[in-house]
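Each of the two complexes below includes chain A, the first together with chain B, the second together with chain C.
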Partner chain A sequence: MKALFFPFTPQGVATIAFLLVVAFTVVGALIAVAARNIFHNVLGLALSLIGVAGLFLYLNSPFVALMEILIYVGAICIAICFAIMLSQPLYLPGAPRNPLKIQGAVLGAGAVFVFLALLTKKTKWVPAAERSTDWSITTIGHYLLTNYVLIFELVSLLLLVAMLGAIVNARGGRGSS
Partner chain B sequence: MDATIFGSDLVRMIIGLIGVIALVSVNALFLIWMERKVAAHIQLRPGPMEVGWHGSIQTIADALKLMGKELITPDDVDKPVYWLAPIVIFLPVLLSFLVIPFAPGLVIRDMNVGVLLILSFAALTVLAILMAGWSSNNKYAVLGSIRSVAQNVAYEIPLLITVMSIILMVGSFSLVDIVKAQEKYWFILLQPLAFILYITCATAETNRAPFDLPEAESELVAGFHTEYSGMRFALFFLAEYTNMFIVSALATVFFLGGWRGPFLPGWAWFFIKVYAMIFLIMWFRWTFPRVRFDQLITFAWKILIPLAFANLLLTAFLMKLF
Partner chain C sequence: MLVFNQLETYLYLALILFAIGLYGVLARRNLIAVLISVELILNAAMINFMAFNRFVAPHPAVGQVIALFIMAVAAAEAAIGLSIIIAVYRKLKAINVEQATELRG
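Presenting the complex of A and B:
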């Protein structure tokens, strides 16, 4: 463990990977919020979500990381793109930003941030390795169908509501609008 | 060198990456030649004959030509996105090789989420196609990318469900475990319907004929990569042919017993099976006429998805019974 330049040690590689992933998340989130071109917003969101997937990977949970990419990047971002295609053309200038809305958004996001930061400080963190070393797909599956089955069911309820909403919205058909 | 410092993982990654990049390039060169030859012989003509033995180094000449070409950036494109798209389309292609087992022990990393890794990174391909189409500021490109995304989203669902029935039988997402589970029978014998569904969806996912509407030459010029030239175009082309290799490799792993086979070493069998699958996909191109877009989407949602669900249910029942 001697005479090696820091980035080439395992810890160095891990630190660089972590910083990279955090940079992805933060820069992506900034693009998602700040860019004026709505297509850039979606791409920023995708970058940020890939960063979050990287954080899960860093936490030794590849299954959750891949699900993050499959569902959020692969499905949600693409769905948002479809929604954009249905909105006004991109070459038309968008409405100017409403300062009141910006202040509201900053306040709301700031409140959530402060709350989460306080919560992070208050929580007594136990290293994952001390709680359990088995975070495989089998374990997650068992948890989902035993301890957390209520959450699992609530998610399906959410999907049901989304589908009902889509059906209600689409029922009018093309002609009536 | 102290093995604990570099860790076998890092060295393994670097060697793996070099091997993968070499494989990707050589494979694409070979596949383009093979495509032209197969197409030509099916149409009763010889195909490229001039450069090298039976035109065998024709694609190298083409590649050199592409490298020498100017990278044109049209004025009104969305520049950062336009530049990023060819790179983004190449990332999932490289990452997928991380988990493909070429022979016993010859896999860069045997992950217990291998199948998911390939399928979830395939989603990035869709995003890259959208990026290319939208940033190009060209109606053919936009139409091509919209078609491509609609098609990919529709065919991803039956593909995932079909793969689920294989996963159910093996009980693992690891590609190595899937090959090991085919000790007695290849899964094509136990899951013939799944194989047909898989190969249909795979052809659609790689935008190959008869599902090649995103780049239907007669209506859309070249689809989402109309505005790209030189090496940027070559990257799209490379990604497309490598995707073909990946879906064929997955078909080999899921249904054809991976590296298993008599006499020859494992890797040889693996490549023989993969290229046989690729030949099948090329054969489709000259056998079936291109479908209409509404037929394409209807086929996915109304036929393939119910069939895939039926297959999954049947597999689950039979697994519990026997």
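Presenting the complex of A and C:
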């Protein structure tokens, strides 16, 4: 079994799938910021979020991966599509790109990237001395309703306020145009 | 050591996503595109939380609870942001950030 070619071992298949998920995430993110058409941006965002959900599967959290697809891809991307349809019509030409601004943005983002990459490289991450191995969804549910009930209630209140605020703000739709 | 069983892989990936999102926030002028970039940044933060949860944290439920919290905040932020964008479009007939200069003195 040792002679088996690496891509055909279970670890090899898992690694290839992981690289695929990483490619989804990064390519989707690039489409989300670089494409000219705003609708392509949303599709790129959805691709990237599906990739992130795959990463969460690799991080042992199928529940959060499911919620990622449900909330982000299913709700936020669709909401953004609605906002695109309700705001500027797509057939209008966009403003031409400002190369100076793009250079500045690349420089700024690159500087932050280099700084944080050096920081990540330099830091030694030490795992906790005692690590629980309880990954079940039941435990998350118990935690959400006991130790972290404040977060739960806060989120409910926040979503209620956001819902009311969105209705009040967007009332009247696109207006008379 | 497999590549997907290392903390650093996820940290660098989240960093790439964060940098791409930051570039989007700085370079784009369409308000909806800026919102999309902010979602990318929030996702980078979430990947970081989940990676530390998987490899470092003492109890694995905590990071997942935080990730769910971030998701809910992102949903609220998207709802409010999109409604503001629609209101701005109604007022200015444009969603370009460079045209929303009514508060300039």
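Just so it is clear, the second predicted complex is superposed on the first by the 134 of 177 C-alpha atoms of A that agree within 3 Å, B and C clash if a C-alpha of one lies under 4 Å from a C-alpha of the other, contacts with A are read in each partner's own complex, and residues count from 1 in each chain.
One rule holds in what follows: a residue touches a chain if its C-beta (ideal position, glycine included) is under 8 Å from a C-beta of that chain, and two chains touch if they have at least 3 such contacts.
Quick caveat: nothing in here was measured; it's all calculated off a predicted structure.
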Chain B versus chain C as contact partner of A:Val106, first or second or both or neither: second
Which of chain B and chain C A:Leu116 touches, first, second, both or neither: second
Contacts of A:Gly165 with chain B and chain C, given as first, second, both or neither: second
Larger contact residue set on chain A - chain B or chain C: C
Contacts of A:Val149 with chain B and chain C, given as first, second, both or neither: neither
Partner chain(s) touched by A:Ala75 [first = chain B, second = chain C, both, neither]: both
Partner chain(s) touched by A:Ile16 [first = chain B, second = chain C, both, neither]: neither
Chain B and chain C contact sites that coincide on chain A, given as residue numbers: 63, 67, 75, 82
Chain A-facing residues of chain C, complex: 2-4, 7-8, 10-13, 15-24, 26-30, 32-33, 35-37, 39-40, 43, 46-47, 50-62, 64-65, 67-69, 71-80, 82-87, 89-90, 93-96, 98
Complex contacts: residues of chain B adjacent to chain A: 2, 4-7, 10, 78, 81, 111-113, 116-117, 119-124, 126-127, 130-131, 134-135, 146, 149, 153, 156, 173
Chain A - residues contacting chain C, complex: 11, 14-15, 18-19, 22, 25-26, 29-30, 32-33, 38, 41-42, 45, 48-49, 52, 55-56, 58-61, 63-64, 67-68, 71-72, 75-76, 79-80, 82-84, 86-88, 94-95, 101-102, 104-106, 108-110, 112-113, 116-117, 120, 125-135, 139-140, 143-144, 148, 151, 155, 158-159, 161-163, 165-170, 172-175, 177
Chain A - residues contacting chain B, complex: 1, 4, 8-10, 13, 37, 39-40, 43, 46, 62-63, 66-67, 69-70, 73-75, 77-78, 81-82, 85, 90, 136-137
